[in-house]
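The data blocks that follow each hold one structure.
The two complexes that follow have subunit A in common; it is paired with subunit B in the first and with subunit C in the second.
Entry: the complex of A and B
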């Protein structure tokens, strides 16, 4: 098995996403950029779901990344995307490194709810410290610069989309490397048997902590990208509903694979956009119904549906070739 | 108050193959749990190669060279047999928390398949652990500990749950591998026949104490020992 081999789905996805700016209207490009950004935060949540752990508080790091942009813009007028993305990763990483010292000790419902508690503490702080954070009004992100250049609006949309796409690509590669590494396998094994890990001489806490720090960095990058996509940062970035959305997207797309959360994020943004337009009072019912169907019939999510369809087609193609 | 370990004083020499036998609740597994750090004794010390390991956590004790298997195999049921083995090899080489290099490396895969072959598990290498038969699960549990290259290997009831027909085959495989590797081994067994056949030295536990210690043929013939272990002479 060679998980590092570039699967066909990745090539198809790269081609489709690569030509998107030239064939889709700008509002679709906006949704795709938003989905690419949120996908990175979902990827961090999905890492823990693979280990049988659920977090309802990862919006914390997403907000930390977003407010990194907000403070940079507010205090320094600095909006350089090439600097702020790594800076967002760093602030997310630092926040996760601190919170993770406590989180790595807990499992199950305590892990889930303590994460939520930390994100809600940040949410409350963002609301109350309005002279710093802007309170409910939030902070403006403005338009980012690339190497100091402020691009014209139409070019910027496309350039920023490709920027997000490249970052997502780099992170996908990094997460793939992580998942096929000993630590990635230990993470997967963690849901099976912590005792065996400890009696192999490895620290379960270290496995959880390292993953937590990584997922915090992913959340930070996602926050930076979303901040520049939307242009405005509000405390709701840290609210528990945002964390719930990340878990929802991971389940919708499928958390066992790396492409699953990407498909989930794209599907989620489109469902939400269309449903809130045509069924503004009840679009959550639609999301709930979809989740119900996924859990009941396809727990592997949309990615599992794609895999089964692809397997059926390739099986049919082999059959025809053999006939 | 029941004492599961009371005034134990056991010295184990290099390359020994020791069988521990005793009735249920006699303190056999407690003894292993004390050595591997799962339990901490209220009094006394545990020395391993001159180092005091009392109170150290299991992972530190494992790193020092003491590995163990369990009465109920502790396995990664969602991984394949080979993946499980590779994780042990990664841990042994100190690369267990590496997050950039792949788990499937040529030399680890080669070593992993070779180890699985020695334990008769190579044909299962790509299968999920959950699909292994009970005897295979026992062997894999021990093989995962063996792959850590321990100086002392502790096995808790390696044949429990294994059919009567298979238990001697399991023990034959184990003893052959262990003798080739010159690993000091202690195994706990409730089956006197297994201890008699495979142990070079036997310890008999009763009420948390060692009531007999010596060669299997003489110790297990003792009526007092038979009464303590079997409940009758």
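Entry: the complex of A and C
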């Protein structure tokens, strides 16, 4: 089972990610920070994919988180990372709690498309209300402070990376606990058979709604972290392409596991960096092509590939025949 | 009174456009039970191909009236090429899969089509105005309308009527209905189900491309409008009832008229009104106005 493999993989991953700032060049550190941040939003999308539901609109909450930073910086000059991350989680959560009231009723194509519609409404609003949101110019995020202190640039980059890493670690733990809770198992069962969940006395709508609110909070945190990493907040944060990226990352890494989306997010940011250098026109062709290959041939994504390789090695070490 | 006339006129114009973009989507959903997100990509390809062909045709100095046939030719080429390729190569492999897999697959195809457009025709918007201006104008309640809008309404009525005839009045239609109702029994009585699927999907692709081709002269064809079309046409068929041709027509008229109402009375709501109606209709009748309730599996 994927979940049991978590502790060892978690140790390796945190060791690798922990020493990264002292080993890799600064542009890689930037990519890793971005990947850690987006991973959180992807985690929310992956939760639904586990339940057999796909959302093309979770960029909505990501944008809500990012604009929380933007407005806070614009109106109050307030850039305290330790406050804005929970605040982003809260605004994302509130947005999801509202939209979720409608969304929890729908499954399948309706769930996917209504999410898309809502995120596009926000996108249009962000574009049109330019006197508030800055329109296509967007808003600046500026450099965040930690407990009121503005760190020098070089130290800040590393400190912010660790900040993102710690938040990701806390959230991974939280989501993991959610997945092994009764609600998490019901969520998994949702894709198999909804009516039987109700036979066992759980309200399907409650399962979906709780997951939706949780995924909204995750999106909000991701938005805050990315806003400070990139420093610039634009309506594209809510655009369908952004939501598509989240779905793509979840598929690429493998949405059945918690670490899958993280691997996917890191791989995605590297693919994008190299693609924008060597073949910028074909970016979406590349995405679509990889997605087709994964869906048709490797539905478990990169994590499943890693697992099958790891299983083969550990099987060999114990002298067993490769299962 | 004057305002009402204008609203009805604008609404019907817009409804014709909406019907053209959404009829293919509902057709494919009705037969294959797949929401084909790549629909928007085929639509955009049709629009580009038709515009490009018409521009080329006018560029060599051939009679402008024939540009309508070039629009049609462009659409037919795209529909007949993309339809069978997408169905045979990709969709055929996921008919039994979960809905989210089907959505993701067609979404991947949309991404690929959307970028292919930019690779083939570049980032510059394209515009062919001759088919639009050629027919001249007339005025209703003091506002000038192009006759081309009448042509659009005509095309959508003829096209919709043709599809209804095809599915109700022909042997092919009876086979399709049989396949929709029971795939296995259809196989057992000797219907080539795979062929029906390919034909139905190609018909849907053709509808998307024709929609794109005839709407192209009224807008300027630019990259990135593929997905908008998917969202809009989904709203239309969700309101009317997914898989129903009459539902698409009804949805198009409802959305068209209410958008026209919004534009003339509360312009701020222009974009939101479509989704408001969709949410309202789905809250009251989850399967859409003319849709049939699907039973939950146990």
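Keep in mind that, in the parts below, the second predicted complex is superposed on the first by the 313 of 323 C-alpha atoms of A that agree within 3 Å, B and C clash if a C-alpha of one lies under 4 Å from a C-alpha of the other, contacts with A are read in each partner's own complex, and residues count from 1 in each chain.
The rule we apply is simple: contacts are C-beta pairs under 8 Å (C-beta built on N, C-alpha and C of every residue); 3 or more make two chains touch, one makes a residue touch a chain.
Please read all numbers here as calculations on a predicted model, not as lab measurements.
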{"item": "Which superposed partner A:225 touches (first subunit B, second subunit C, both, neither)", "value": "neither"}
{"item": "Touched partner set for A:193, first subunit B, second subunit C, both or neither", "value": "both"}
{"item": "Partner chain in contact with A:182 - subunit B first, subunit C second, else both or neither", "value": "first"}
{"item": "Partner chain in contact with A:210 - subunit B first, subunit C second, else both or neither", "value": "first"}
{"item": "Partner chain in contact with A:201 - subunit B first, subunit C second, else both or neither", "value": "first"}
{"item": "Per-residue touch tally on subunit A - higher for subunit B or for subunit C", "value": "C"}
{"item": "Contacts of A:287 with subunit B and subunit C, given as first, second, both or neither", "value": "second"}
{"item": "Which superposed partner A:36 touches (first subunit B, second subunit C, both, neither)", "value": "neither"}
{"item": "Touched partner set for A:164, first subunit B, second subunit C, both or neither", "value": "neither"}
{"item": "Shared subunit A contacts, counted only where both subunit B and subunit C touch the same residue", "value": "191, 193, 195-196"}
{"item": "Sites on subunit A touched by subunit C in the complex", "value": "49, 52-54, 56, 102, 105-110, 112-114, 116-118, 120-121, 124, 191, 193-196, 240, 244, 247, 251, 281-285, 287-289, 291-292, 295-296, 299"}
{"item": "Contact footprint of subunit A on subunit B as seen in their complex", "value": "36, 57-60, 62-63, 67-68, 70, 74-79, 83-84, 86-88, 90-92, 95-104, 144-145, 148"}
{"item": "Complex interface listing, subunit C residues touching subunit A", "value": "35, 90, 93-94, 98-101, 103-105, 107-112, 114-116, 118-119, 227, 231, 234-235, 238, 242, 271-272, 275, 278-279, 282-283, 286, 296-298"}
{"item": "Subunit B-touching residues of subunit A, taken from the complex the two chains share", "value": "1-4, 177-178, 180-186, 188-189, 191-193, 195-196, 198-203, 206-207, 210, 214"}
